[in-house]
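Reviewing the structure listed below.
Going in written order, the chains are labelled A, B, C and D, and every chain counts its residues from 1.
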Amino acid sequence: MHILHHLAAAVPLALAASTDAPEAASWVDPLLQQLVTGLSNGMIIALIAIGYTMVYGIIELINFAHGDLCTLGAFLALTIAGALGVEAWGGLGGASGVVILLLASAVFCAGLNWTIDYVVYRPLRNAPKLTLLVSAIGCSFILVNVALFWGGLPMGVFGGGVAAAAPKDFPGLVSDDNLLPAAWHVTFTASDLLVVSVTLPLMVALTVLVRYTKLGKAMRAVAQNPTAASLMGIDVDRVIGSTFLIGGALGGFASVIYALYNNTISFQMGYRTGMDAFTAAVLGGIGSMPGAVVGGLVIGLVRALSDGYLEARWTNSVVFGILILTLVFRPSGLLGAKLRDKV
Amino acid sequence: MQNRLLASIASLAIASIALAQGSLKIVSSLPRTGSANAQTTSMVNGIKMAIDEVGGKVDGMAIEYEDMDDASPQRGNWDPAVEAQNANKALADEKVIGYIGTYNSGAAKISMPVLNKAGLVMISPGNTYPGLTKPGTGEANEPRIYRPSGKINYFRVVPTDDLQGTVAADWTKEMGCKTVYLLDDRELYGKGIADVFEKHAKEIGLKVLGREGIDSKASNYKALANKIKAAKPDLVYYGGTTQTNAGQIAKDLRSVGVEAKFMVPDGCFEKAFIEAAGAANLNGKTFVTFGGLPADQLTGRGAEFRKAYMAKYNTDPEAYALYGYECGRVLLDAIKRAKTKDRAAILAAVAATKDFDGALGTWSFDANGDTTSKIMSGQTVENGDFKFVKVLGK
Amino acid sequence: MSVAPLLEVDRVTMRFGGLVANEDVSFAVQPGQVFAVIGPNGAGKTTMFNAITGVYQPSSGEVRFQGKVVRKSFAARLLLRVGGTAIAAAISCMLAVNAVALWKAVIVANYVYGEPFLWGKAIGCIGPALSQVGALWTWGSASVGALLGGGGAFVLWLRTRRTPDVVAAAGIARTFQNIRLFGELSVLENVLVGMHGRLRTSYFTNLLRLPAYWREHADSDARAMELLRFVGLDARAHDAARNLPYGLQRRLEIARALASRPRLLLLDEPAAGMNPTETVALMELIRRIRDTGVTVLLIEHHMRVVMGVSDRICVLNFGKRIAEGTPEQIRNDPACIEAYLGKEELG
Amino acid sequence: MLLLAAAVVLGIIDGPLKLGLVDPMRGVLIFALLGLGLNIVTGFTGLLHLGMAAFMAIGAYAFAISTCDIYPFQLGFWPALGVTAVAGALAGFLLGAPTLGLRGDYLAIVTLGFGEIAQDVLKNLDAITKGTQGINPLPPPSLPLFGEFGSSPAPWYWLFLAITVLAVFACRNLERSRTGRAWLAVREDELAASCMGIAPIPVKMYAFATGAALAAIAGGMWASLYASTGEPGNYDFQISILALCIVIVGGMGSINGVLVGALAMIGVANIALPKLASWLQQKGVVNASNVLGSPNNWKYLVFGLVLVVMMRVRPDGLLPARLERRKAGGSA
C-alpha cells in the first residue's frame, strides 16, 4: 500500500498546515501555497509517470510516445467539450461533463495505446530493446503531427482551426475559486481538489489491481520473467497488451486532469510532460509504481519551490541536478529494487 | 531500403531541376514545422495576398512563389542547417529575385551573410533584434558582420525591439503604474525586448520588482505566479510570444489572483493569444504593443487589404499577415520599378523605397534598411477581441 | 604441508539477509593441486566461488591468496589519486562559482575589440578578481570541491578495493556455471579479452596504432591461437562465440580464463551437460592444465570427473564443510556417503 | 570503403550536374560524426546516452569562443578543433566520473538531465556565452588545401569528409584493439568482463570521453559551417534523440551503419522532405486555408513513419555490426 501511504501524507499536510497559518509568520503562507501548487502538479506528473513505469516494468521500453498520447487525449476531451458545449452546463451538469470527458478520454487513450502496441511494438518483441525505443520515438512524432492536424479542425474551441499550431484554451469547467476560508491565507482551489480527488482513487485502484487481481499477478510474473510466465500458461502478449491498455487509460485521465488544471493544451505539450513524467519514473525507481508516484510528487515540489525561491531560469537545472545527486547516492532510485548479479 | 531512399532523393533533386525554367520567383523562408506554424501561416497568407493582388504578374513577368520551411521535423523549430540550405537554394536558382524571411532573428544571423555576399535582397516580416541593422545596439561587430560585401541587402518592415520596449515602458508609466515585474522567454526576441523594457523602465523611474526567465515549455507557471502575487506589482510585462506560452502565463497570473495589469509585445498580437489565454483572463487588464496600426484602424491600402483578407480567409488579418503582406508588396513594387529580372537592380529598387503607401502606413527604408515608420499602437483586450487604445511614441 | 598454501579460505561466512549460504567454511589449496569442492545443490559451492573471486564480499572470515588477502593496497598511488582529484575538483569548483566574475575581470576587461590581447596583464587580473569575489565564496567553493572530489575518489577506491577485476589481476581466473561468454565477439576475441590484464598498450597507442600496438597485436594473437589450440578450438577461432556448441563453449571459457595467465583457475561445473566422450576429454584437459603449473579449484557434480582428476576434495553440505581429504578418504567417509555420495555411487 | 568512394564521386559530380546535394551532405557528415560518437558509447559499450546534444553544444561553444573575434583567443581551425575535442572529453569525464556506476536507463536519464542542464547554463551565463544571441560570426577556416571557404559548399564538403574519414579510422582502430574489446566485453556481460580483469568504470569512462570528444568535434564543425553557434536551444533533446535514431537505424555498433544511418535520417529530414515539399508546391498541391493543405505540415508524420517502418523492416538496423545478432542491442 505504498501509494496510499505517500499520498495520504501529502494532502493532509497541505490542509493541516494551512489550519495553523493565521498565527504563523508571513513567510509561511507563500511556502504553503507553493507546496499546494507543487503537489497538484506533482500528482499529474505522477499519474503520467505510472504509464511509463508500467510499460517499462513489463517490457523495459521507455515509451517515448506516452506523453504525446496524453496530448491526443486532451484534444479529444476539448473536442467533446466543444461539441457538447459542456461549458454552458454549469453546476452539477458541469461535474457530470467532467466525468464524461474523463471516461471518454480514458477509453480513447487506452484503445490507442493498445493499438500502438499491437501494430508497432508487438512485431518487435524479440528485437533489440533500442529498436523498440526508436519505434516509440517514431510513434511520438506521428502522434504530434496528428495533434497538429486535430488542432486544425474547424471548431469554435479550436479557434475555427485557423491557427492549428496555436495553443488551445481549455474551458475552465472547474473553478479556480478558493475553497478555504480567506483567513487561512492559502488558496486550495476546486481544480486542486479535482486533481487530488481523481488521482488518489486511481492510484489506489491501480495498486489493488496489480497486487490482488489475477491480471495483476500475471503482469508481475511477466515483468519478472516472460519466458517462465509463458511456460506457466500465461498469454504474455495479452498481459502486455492489457498493460498498455491500463497505462493508456491512466494517461487519458491524466490528460483531462492536466487540461482542466492548466486550461491550455497544445500539440507539443506532450514533450515536457512526458519528460517530467519519465524523469519522475526513474527518480522513483523505474518499474516501481509507488516510486513513480513519489518521483512525480518530488519533481512537482522541486519545480514549485525552485520557481518560488530560486530563479525560474535555473529550475530545470535544479530538478535534474537533484535527480543526478539522488541517483549517485541511490543508484536504483528512491524506491527501486536493488539489483544483484546472479552468477 | 537505403538505396530506395537515395533513389527517391535523386529523383526529387532532378524533378526540382526540371522546374528551373520560367519567370521570376519570390521565396520565403519561415519556420513552418512546429510551434511557429500558426504565426508563419498568417505571414504566408499575407505574402500570397500581395502576389494575387497583382494577378501574379508584374509587367508581363509572371511571379512564382515558394514557401520554404526553415524548420526541420527533428527540431520542431527553426534549424540552422535548413535555413542555410534555403539561402543557398535560393541563390542557386537564378529565377529567385527576392528572399522574404526570416521569422527568427537567430535564423537571420545565419542567412544574412550568405545572401549578402550574393547581393540577393532579403526582407524580413518578423526579425526585431536591433543588432541586425542598427550599429551600436548589439555586439561591437554588429551589424557589419552580416554585411560581408559592405552593401546593405537586408530590410525589415517591422519596428525593432529597442523602439517597442521603450514605448511599452513609457506607456506603462502613463497608465500610472509604479512597479513592474518582468518576465521573458529566454529567447532572442523575448529577452531582447524585456531587456530594453527593463533598461528604459529604470531610466523613467519605474520600480522593477523582479525579473525571471521562464521555461516556455513548462505546463504551467502557478508557482511563479504565486511569487509574483507576493511581490504585488502594478504591472507584469512578459517579453515573449504566443508560442512561448504567453497565454498560459496570463492564465496562471489570474488563476492565483494576481491583480496586476499584464503587458505583452507584438509577438502576442494575434487571435491565437486570446484563444490560448482565454478571453476572460485578458479582458480589461491586458495590453499589447504593436508596430503599426491594427487592422481595424487601417485606412487606404491597409483597409483594402483587410477587406480582401477577410473575404478570403474569413477572419481579421493578424499582425503577422500584415507584415507578410507588406514584405510582398514592397518587393513587387521594387520589381515594378526595376522592370528587370536583375537581382542587383531589384535590390537597388527596394533600397530606394520612398514614401511607400503601405498597409502599415506611409513609410520608407532608412540607411540601415529599417522602416522609417515609427508608429506604435497600443491595444487592450475587451470581450475577447483586441481593442485599439492609442498611438504610442512619436 | 611444507609448502605454503596458494589459497586459504579461512572461516568464511556468507549471509544474504536471513539466508546463510556458507557458514565458517575453511580449506586450503596447495599449489599444483587439483582441488575439488563438491556437495549437493544449494550447498553453497558457487557462493563460495563468488566470495573467492570478489563478486561478493564475505560477511565474515577472509580469503587469502599467496598468504595475503587480495586487495588494492593502500599505496602512494591512492594518495596521489585522491589528492589529485581533490585539487582538480577544488579548482574547477572555484572556477565554476566565479566563472562570470573571472571572465569579466580577466577576459572582457582586458580585451578591446580588434586590438591585441595582453596575456600577461590578463593573467595578472585573476588574483584580484578572486579576492574581489570574496574569500568566502572562493575558498568555500574550493574546499567543498576538495571535500567532494577527494571524498568521492576515496569512496570509489574503497568500494572497488576487492572487486572481481582486482582479484583477477592478482592471478585468479574463473569460469561460470551458466556459461557467460561474450556472445557477439569471435572466439579469438573472447580469448583476447581474457588477456586484457596482461596487455599493456594504452588508449592512445591503440587510437594511433603506434608501433607498440603492432608488436603487441602480433604476439597476443599468436598466444591466443596457441591457447585455442591447447583447448582444441583453433579451427573455430573466427566464429561468433554464441554459435559454438555447448561443449566447445565450456572449453572456450576455460581458454579465456587461462588467457590471463592465472596461478589459480576456478572451474564451476565444467562437465555440466557434457556427454561421456566430452567428459573424458575434459578430464584430460584439466590434467594438462595442472601440468602447466596452474592450480585448479573445481566445483563438480560429476563424480567420475571429481574422483578422476582431483588430488584433494572438500565436501560442503548446507553451507557447512562436512569433510575434506583425498578421494579415497572422501569415498570412505561415512558422513559424505550419507550426505551425498551414496546414491551417486550406487546409481 | 564503398561509402567513401560514393562520397568522393558525389563530391565530384555534384557541381557539374547541379544536384545541389553537396550542400545538405555537409549536414549529414556532421551528424555522422555525432553518430560515431554515440556509437562508441551506446553501440560499443552498451550505455544508453540521451544527452549527446550537450556535448555537441559544448563543442560548438568551445570552438566559437576560441575562434570568434569578439573573444581574444582567435585560434586557427585545427587548433580550435583540438581545443573543442579536449573540452568535450573533459566534459565527458566530469559527467562520467560520478555516474558511470549507474545501470542502463538510470545512466540514460542522467545524461538526459545533463543535456537540459547544459542548455540552461549556456542560456543563463550570457556574460560568457552571449546567451540566447549565440556567438557569431566565426571566421571561415583558411585551409588553402581545401580551397576558398566562401559561399560554395564544396570546400566544406571535402573538409568534413576528411574529418569524418579520420574519425572512422579512429573508431575502427579503437574497436579492434584492447580498448575496444574491453568496451564490447562490458556491453556483452559486465560481470564476466570484470572477472577477466577489466575494471568496468575506467573502461566506460574512456568510451564516454571518446564519444563526447567526437560529439564536440561535430559541434565545432557545425558552428564553423554556419559561422555561428546559433542559440543554445539548437542543441536540445531533439538532437540527442536524432543521434540515437542515427545509431539504431544504422545498426548498433556498426561504424558503416552509423554513416548510412546519418544519411538516412538527415537525408529524409533535411533533403528529401524539403525537396518533396517544394516539389508539391510547384505542382500546386497547396491549400493554405486548411492545415492539411501545406506539405510542410506533414513532416513530423512522414519522419515518424520512416522511423517506425525502418525499425519494422530492419530491426537490427540497415547495416548490422559484423557479428551483430538479435538481442545484441540493449541498454539495461
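We take it that a contact is a pair of C-beta atoms (placed from the backbone, for glycine too) under 8 Å apart; a residue touches a chain by one contact, two chains touch by 3 or more.
Please read all numbers here as calculations on a predicted model, not as lab measurements.
Trainee: Please identify the chain with the largest separation between its CA centroid and the CA centroid of chain C.
Mentor: B
Trainee: Of the chains shown, whose Cα mean is nearest the mean of all protein Cα atoms?
Mentor: D
Trainee: Could you tell me which pair, A-B or B-D, is linked by more C-beta pairs in contact?
Mentor: Answer to which pair has more contacts is B-D.
Trainee: If you average the CA atoms of chain B and of chain D, how far apart do the two points sit, in angstrom?
Mentor: 32
Trainee: Using the average of all C-alpha atoms in each chain as its centre, how far is it in Å between chain C and chain D?
Mentor: Roughly 35 Å separates the two chain centres.
Trainee: How many angstrom lie between the CA centroids of chain B and chain C, rounded to a whole number?
Mentor: Chain B and chain C have C-alpha centres separated by 63 Å.
Trainee: Of all the residues in chain D, which ones touch at least 2 other chains?
Mentor: Answer for chain D, listing residues that touch two or more other chains: 69-70, 98, 123-124, 191, 241, 297, 299-300, 303, 328.
Trainee: Residues of chain A that contact two or more other chains, please.
Mentor: 141, 144, 148, 164, 271, 313, 316, 341, 343
Trainee: Mind pulling the residue numbers of chain B that touch at least two other chains?
Mentor: 37, 41, 73, 76, 140-141, 186, 213, 313 - these are the residues of chain B that touch more than one other chain.
Trainee: Which residues of chain C touch chain D in their complex?
Mentor: Of all residues in chain C, those touching chain D are 53, 55, 92, 99-100, 103-104, 107-108, 110-111, 113-114, 117, 122, 152, 156, 160, 163-166, 168-169, 173-174, 176, 180-186, 189, 192-194, 196-197, 199, 201, 203, 206-209, 213, 216-217, 240, 242, 256-257, 259-260.
Trainee: Which bits of chain D are touching chain B when the two form their complex?
Mentor: Answer in residue numbers: 18-21, 23-24, 27, 69-70, 123-124, 130-134, 136-137, 150-151, 153, 222, 225-228, 230-231, 233-234, 236, 238-239, 241-242, 260, 263-265, 267-279, 281-282, 286, 288-289, 294, 296-297, 299-300, 302-303, 310, 313-314, 318.
Trainee: Taking the touch rule as given, give the residues of chain B at its contact with chain A in the complex, in rising order.
Mentor: Chain B residues touching chain A: 34-39, 41-42, 73, 76, 186, 212-215, 217-224, 226-227, 230, 242-243, 245, 247-248, 251, 254-257, 270-272, 275-278, 280, 313, 315.
Trainee: Once bound in the complex, which stretches of chain D touch chain C?
Mentor: Touching chain C from chain D are residues 69-73, 94, 97-98, 125, 127-128, 170, 173-174, 177-182, 184-185, 187-189, 191-201, 206, 321, 323-325, 328.
Trainee: Contact residues on chain B for chain D in the complex?
Mentor: 1-2, 5-6, 8-10, 12-13, 15-17, 19, 32-33, 37, 41, 44-45, 48, 66-69, 72-77, 79-82, 84-86, 88-89, 91-92, 106, 109-110, 113-114, 117-118, 129, 131, 138-141, 145-146, 186-188, 191, 213, 312-313
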